[in-house]
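Written below as structure tokens is the structure these notes are about.
Each chain carries a letter (A, B, C, D, E and F) given by its place in the written order, and its residues are counted from 1.
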């Protein structure tokens, strides 16, 4: 199976790291294609970056449909564009935040998320509640780091993250860590060894969830709110994002349910 | 004060209707500027349309900052781009769904939302929960209507909506109706007279909430997750959406809070 | 329009302050009438004071109906008698706690309430949950102050409140302050300047919400639990509180809904 | 021990029925004193009646303190004045709604409340949530009955209630009935026999809870929001409701907790 | 009435202490029979001990049915086997955790649970939520103590518990303590005197709840999920736990509800 | 990797069906070992069967540790003994209900569970809430079927289940079906084809989740409530269930966390 891993930001060093993490856990027979969109923010920090980055995610899913991809992983911990992508992909679409939180719930009584900058906190708290993980997620912890600090060789980003993880275990009543940024995908092993608790990286978790869904023959339901978009005109610079009328006719079922 | 009312879709007949509804309730001294973006979907039905339409909303807020607007109303009941817009606007930003639901909570024990097509239901249910209205909102009701059916002179859209409102009052334990589409802004009076219960149109509600916030001197906090976006590079077709570095330095505080 | 602002306690110095705060934000054409009841506690601190003070609130609403008032603001942060007042007023009735919390939700990711004495905490926590603001309200903070300390010229009440507001911003994950007592209505500007975050005073918020509701032609629904009281005998000292049988016949609809 | 059962309305035929139900389940050694206040509404239907009736409840608790009562039962299913009464009573105070719902939770997977008129529904739904019974309470069912219909010999009130109980069991996923009005205290046995499920009358439940609390030596905590009211002036017709300054000094602890 | 108090662990010194606490609050006419099962763990600390101990609880309920018991108290604060026991007992079955939490809700605004070892925390937090006490329970506090430390004469267990109770009152916003282990049943009086707040021991609370239920003629509903077990074969070492086919026919109603 | 699939009941025809479903989705390199315990109920219907069956599950996990199993699937939709098993297994342990519900959340807006007999409903509703799926799970639907009806060749069980699934899609606002019994593992394909919506079988879902967890190197945290059981004496018939003192010393960490 072919899984497209979309890093919604345009920083290709991060994309490479994410691709390596995905490949490392992929099963035999799983092909990982890791990309960044051709447009959008260099990193995603806050609601504005997230909203704009969704366009790039949708663009890559559209390409992926033509490329024969069987599933998609949105590899930013804000899960930008996730619900929209589900409407236009034939295969399942998973976000790394949802994948990580659900996986953590199988191996712990509660987890804390350790993310980068402080402005992510409200976004991740809302995601946790939206995914039903409001109780399991004991705390969203953030640091002074910018996302791109994680890309700087020899920076103190790793030790800052590790210290925050230790505080989470000591103070939050958490017995598990969820890494709150795709750029931390290479740190899971180290932090697990240092802290002795399960550490869940969303990139790896997302690949395994997708392998599971595809292996079970499951994809997004077309019978409800994730039906293919209704056919309609898109204007101006966004004209190429208009839904495909043919698919709208065959897969757009959400408007017809009683 | 100048309030910019942004219809996130590109159907100008709807924009005109929305502008009229806004003007009708505006206080003396309030100037209403009603616009549609130059790009995006002709109507917003589902997650995909919503995600793409956010770009147009953000574009209009960016223009509005140069035009001296004191506040913004996002006039689609999915509240697309609302949180992102808050990061880049100096004045307050309100969505019609949140405005309508909060206003309804002051005059009723519970309300039902009556919207257009079925695929909106999951989006509106999630918004209600996110706004703290999960209990007050008794039910999100949808119909077979497309959003643009509301724009067709002489159609049966109005009678379909009215019939659904009657069912809501009879079956849902609701003593108030919230109209779930900006395109229904002209129906509030009629439905209120026919049903005898308060009927809340989000366009009118949003204008009054904005007048209240601006009158109190309140605007979006910069101390948390709604700080101005961090400065960074935006690539490709989205380059013009890059945050203004000068504002990022002066208004971007969310990354610094402990 | 005429808005009656009812300070449920009998301390007229506070009533004057509340009236001034209401007048300061009122739109052109809004007449503010600020009163205290002729009976009841000098301040409201806890469940007992609150329950007794409801009588005075209802008495003033009854008078207001004869005085041609178009709406009512209950100006104590416990919102005493609010639901009962809704049953007997023709126009909308709003409490300052609910007005402030809802208004705060439009300009912040989360707020803390800063109130006076410690015994208010449980009451305000319950109100926040009841209004759907249990998640948005990050913490109810209380101090050693008595309500009437706020009326003493030259006291340290203001600096005590300000210090607690600073702690809220530093410790609670709140980017907004809601003032938890009508007696703080004159402090909002100062605290906003000192802390740099939005500060919401319920008196001002309530006036603007009422202007909005009245401007939209909305009033309390008679179709559910807020119908005019059923006609019945009231005995003893409370005989004059008996509902008006004529209004009960015409406006009492709550008992008839299916 | 002496338990004062306060029927908050002034209909003494109902008080007699309530007293009989309380006496029927009282343990040897428990003295039941059943009273109605000298003032207030003849029945309690809705927020307004409830708010006004709280005065009578508080008056009877004040008398009861002088009469040597060890505990108090508020015998109206809206639990009017309950929290306020806790502040001024030395012994525990229990409401029949809370007593019934908690007792039902020990013998069932879920219960429905069957009450009288439709306007009570919103009040009882809120009480259920406030008591933590929002999930256990499957539905609040109401009928066309007025409270005082239950006092009419030979009326069809009993068969109306029984029919509604049968519907609750068939439709709500409830395996237990909670009677939602003190005036139904004489119907529990009949309905239990007819339906075959546990039927919980709040008057009986409240007496047993009070016997339990008093037997364990438990009474309302003075360390938090239920401390005795702060000393202060009460004005006008309510002057006699002013707190006792001596008790305020010794029992008023809620204002002092950190 | 005869109430069987089942200490689910096999430490008879604790059983004796529990029996004494139960007897101390029992009404005249209540016979307390306190037992430990013949099999199972010496103390219950964590999910595994709890799951295994349920067998012993069920064994004692089976015996109790033959012994003419009118109700059962499961006297371990994890409430092991409680729901299962309800299916096979004719009379009501109550757990000490649920009894204590519900009783505490009548005399406080919020309580903290003070338990023994840290691994109990997640179990008790889940129980609190399951019983609807997730909001009332302010915090579950645990200590370094093992359950059996409470059985050691002259140990520091009591002072450790007392110190934790003081911290709960100072830090948690709790005005009441719930003792989180049956082995603390003898400490309630001392801790109440030392702290000045209500202290609820679940053994005493459970006896009073059972006296109340039995006195009201209430027992577990057979109309839903607590019907007597369906008749079926049990294999191997557990063959003697097979349900009684005769009772299954007469009391097994849960499978038949619509 | 070796995954032990434990059917907690003793009906080996069901075990064979479960094993086949597990094998059908297992990745290359995954060995499935499907077993039933040597003791316990022939089917699991209700709390009592579930509590007793936990012993057999724990026994099989104990054996599995000696057999070199890398993970365990509890293949009854009540997830009996799941938390207890986590304490004694080195590898991850997953229940089919939790696996199915989480997997369904990735491909749908909401799902209904279709189970066998009516008495399961309350158990499954509680599991859904406990797993954070209380909102995503739109309804738990049950039928007149006994679990073992699913084992009868040529019975109408399949058509009964299919009809209930159709009702779920038409009435519940669900766009996905979760099969609520391990005995339905062979029906997923048929029901998916007939209804056109994703159908999630917990056996398949559990195998894929376990493959994911094991592939990521994740296992149950020992740092909290899932530490290996404390060393202690087990008495009577259950003596062989006593924890291994050596493992308790090395893996029992839950008692030591601050």
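Note that contacts are C-beta pairs under 8 Å (C-beta built on N, C-alpha and C of every residue); 3 or more make two chains touch, one makes a residue touch a chain.
Keep in mind it's a predicted model, so treat the numbers as computed, not measured.
The minimal number of chain-to-chain contact steps leading from subunit B to subunit E is 2.
Interface equivalence for D-E, evaluated over B-C, E-F or A-B, points to B-C, where over half of the contact pairs coincide by residue number. A straight line joining the Cα centres of subunit B and subunit D is 44 Å long. Centre to centre, using the average C-alpha position, subunit A and subunit F are separated by 27 Å.
Chain contacts: subunit F has residues 109-110, 121-122, 135, 173, 224-226, 257-258 touching two or more partner chains. Interchain contacts give a graph that is no line, ring or star and is not complete, per the touch definition above.
Which chains touch which is summed up as A-B, A-C, A-E, A-F, B-C, B-D, B-F, C-D, C-E, D-E, D-F, E-F.
Partner subunit F is touched in their complex by these residues of subunit E: 10, 37-43, 45-52, 54-56, 58, 81, 83-84, 86-88, 117-123, 126, 130, 144, 146, 224-227, 229-230, 232-239, 241-243, 254-258. On subunit F, the positions that touch subunit D within their shared complex are 121-122, 129. Those residues of subunit D that touch subunit E in the shared complex are 25, 27-29, 92, 94, 98, 102-103, 105-110, 131-136, 169-170, 173-176, 189, 192, 196-198, 200-201, 204-205, 208-209, 211-213, 215-226, 257-258. Per the touch definition, subunit E reaches subunit C in the complex via residues 109-110, 135, 173.
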